[in-house]
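Look for chain A in each of the two complexes below; its partner is chain B in the first and chain C in the second.
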Partner chain A sequence: MSSAGQGYAAVSDAAPGSAAKFETWLWIAQRASAAVLALCVLVHLATIIYAVHHGLTGAAILARTRGNVGALAFYALYVLAIAVHAPIGLRALCQEWLGWRNNALNWVIGALALALFIFGLRAGAAVFLA
Partner chain B sequence: MKNDYRARNHPAWWAFLVHRLSGLALTLFLPFHFWALGQALQGEARLDTLLRWTQQPLVKFAEAGLVLLLAAHLAGGLRLLALEFLPWRGWQKSLLAWAAGAAIAAGLAFALVL
Partner chain C sequence: MDMLQVSVWRGAEVGGYRTYEVPRQESQSVLDVVTYIQRYIDPTLSYRFACRVGMCGACAMTVNGVARWTCRTHVSKVVKGNAIQIAPLANLPVVKDLVTDMRGFFDKWARALGRFVSNATRKDDFAKVASDSPERIAANAGIECIGCGVCYASCDVVSWNPDYLGPAALNRAWTLVNDVRDGARRERLAAVAGDAGCHACHTHMSCSERCPKDITPTASIAGLKRAVATAALKGEL
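Let's look at the complex of A and B:
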């Protein structure tokens, strides 16, 4: 059965009921990650503005992050929320603007989420361990 | 066509477009941001080399743009959460203006110290 023109319920090759359930979970994940990100981005923006006021150097950045368990925990939560939020948003864009609605999209988006999570954690670990 | 134009000329449609395009731009920027922070694994000097590269006017301009986009996406997202999860109140009509104002303020706070 062609998936064209079936809207959001057609994004999965699974039965319609489970496809709808999948969409519901994605919607919840998008809103929950948005709520976490709202706090994280506020802290991030405040840190950015503080950092540019106090000189943006490697030493200044690493002085705040090196061995700072609190900063690492914050960063890990931030990265997790990003890895959930950004791919789901990109998925909606691919569906609505590119008309890409088959199951391959879900695999690509899943791979993107995993890559963002791994590389984000690597970046957090880098400034923690440096 | 006329209906389509009218729908797209609504402030809420522009808010949707800004939210979507800022989200796309931020997602595309993320790999570079993670790569840049990852340079710290090679030592403080490597990170400094990268930060010196970012002192170029065009890069600074792009950074200010990214801060503006991040603030715009945050403000637009807060507006959406308020619309979806809070009971409707009259003040929510003003959220678009508040979101735009907050985003511009954050962008300026970054840009004016560059």
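Let's look at the complex of A and C:
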């Protein structure tokens, strides 16, 4: 890295490095969570189709999920991927469609992510403990 | 003689379309039509052109809703019945009639660090860049841009977010990221990251569809996303 390049950057009005870093990590997180979701959604859909085709009752499904650590781990991962992926996409929508670009947006989106994660985990725990 | 009904934007940001009758001729370009109006009907019509042969990019306008070089667009290709609508490029302030203010467009090239920053001194030997190296091939794909603004006028993201650097500036940044003689890679990647940079691209590909030089800025922007992500993962952003 040359000093010439750094000198040029110093006099430019380029975005501050911290903002660039934050946005880039959000982008990486959304792509990575999308990859996880692609798999999770397939497994989730296959499970639903299996349950419907075999005419499983609610009680029969709960009998399979109760104490099933594998199912709990799977849905915890699924919930985590959703809690990461959806709020970042919603943030982009707010920025582009509503022109909402200040720091308050990040707090609202962060709260949404936390809520998704907590409520999702609660649902997962409910069928585990049922 | 066949007559074209040509609807032309008159005014600045506030204005309206005025219709002119222009004789239809063989091998007539849209720029010929605009020139005819100014020379023979209304000399107050303002428009911009220079080379007339697709080298300078100055004559880009919106023809029937699509950004094009008017000098390289035959009337026969775009005419609907006998009507044509000609407007200034979108996403840029209108100075008058068909002339846009391109300062914002070029300021974004500067914001994207679209300037070569040498990593060598005059005492160093010439850099040797193999023509078949991956970096040279990647730079080659985007290097022919002449800054006409057609991609910028066609970009949905620019219309949503006026701060977005746009396809041309990002394509330029990508050619420099691949220039092994350049010493400002890190600063440039930081400059093109984020909501106003490469991460805002929705890959609609209007820029690539309409680029008169057949450049694919979408691919350049995807390259920047990869380069920025790699730099972030290595802690180099």
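One rule holds for everything that comes next: the second predicted complex is superposed on the first by the 114 of 130 C-alpha atoms of A that agree within 3 Å, B and C clash if a C-alpha of one lies under 4 Å from a C-alpha of the other, contacts with A are read in each partner's own complex, and residues count from 1 in each chain.
In this text, a residue touches a chain if its C-beta (ideal position, glycine included) is under 8 Å from a C-beta of that chain, and two chains touch if they have at least 3 such contacts.
This is a predicted model, so every value here is computed, not measured.
Student: Quick one: is A:A130 in contact with chain B, with chain C, with both, or with neither? Answer first, second, both or neither.
Tutor: The answer is first: A:A130 touches chain B but not chain C.
Student: Examine A:G70 and indicate which partner it touches, taking first as chain B and second as chain C; both and neither are also allowed.
Tutor: Touch partners of A:G70: none, neither chain B nor chain C.
Student: On chain A, which partner's contacts cover more residues, chain B's or chain C's?
Tutor: When the residues of chain A touched by each partner are counted, B comes out ahead.
Student: Contacts for A:F119 in the overlay, against chain B (first) and chain C (second): which applies, first, second, both or neither?
Tutor: After superposing on A, A:F119 lies in contact with chain B but is clear of chain C.
Student: Touch test for A:I82: chain B only (first), chain C only (second), both, or neither?
Tutor: first
Student: A:I28 in the overlay: touching chain B, chain C, both, or neither? Say first, second, both or neither.
Tutor: So A:I28 only meets chain C here.
Student: Please indicate which partner A:L90 is in contact with in the superposed arrangement: first for chain B, second for chain C, both, or neither.
Tutor: In the superposed model, A:L90 contacts chain B only, not chain C.
Student: Answer with first, second, both or neither: which of chain B and chain C does A:L62 touch in the superposed model?
Tutor: The first partner, chain B, only.
Student: Identify the residues of chain A that lie in both the chain B contact region and the chain C contact region.
Tutor: Overlap of chain B and chain C footprints on chain A: residues 31.
Student: Residue numbers of chain B touching chain A in their complex, please.
Tutor: Counting only chain B, the residues touching chain A are 20, 23-24, 26-27, 30-31, 33-41, 43-48, 51, 54, 67, 70-71, 73-74, 77-78, 80-81, 84-85, 106, 109-110, 113-114.
Student: Under the touch definition given earlier, write down the residues of chain A that touch chain B in their complex.
Tutor: Within the complex, chain A contacts chain B at residues 31, 34-35, 37-38, 41-42, 44-45, 48-49, 52-53, 56-59, 61-62, 82, 86, 89-90, 93, 116, 119-120, 122-124, 126-127, 129-130.
Student: Which part of chain C faces chain A closely enough to touch in the complex?
Tutor: 110-111, 113, 115, 117-119, 157, 160-161, 182-187, 189-191, 193-197, 199-200, 225, 228-229, 231-233, 237
Student: Quick check on the complex: what are the chain A residues that touch chain C?
Tutor: Chain A reaches chain C through residues 1-2, 4-6, 8-9, 12-15, 17, 19-25, 27-28, 31, 92, 95-97, 101.
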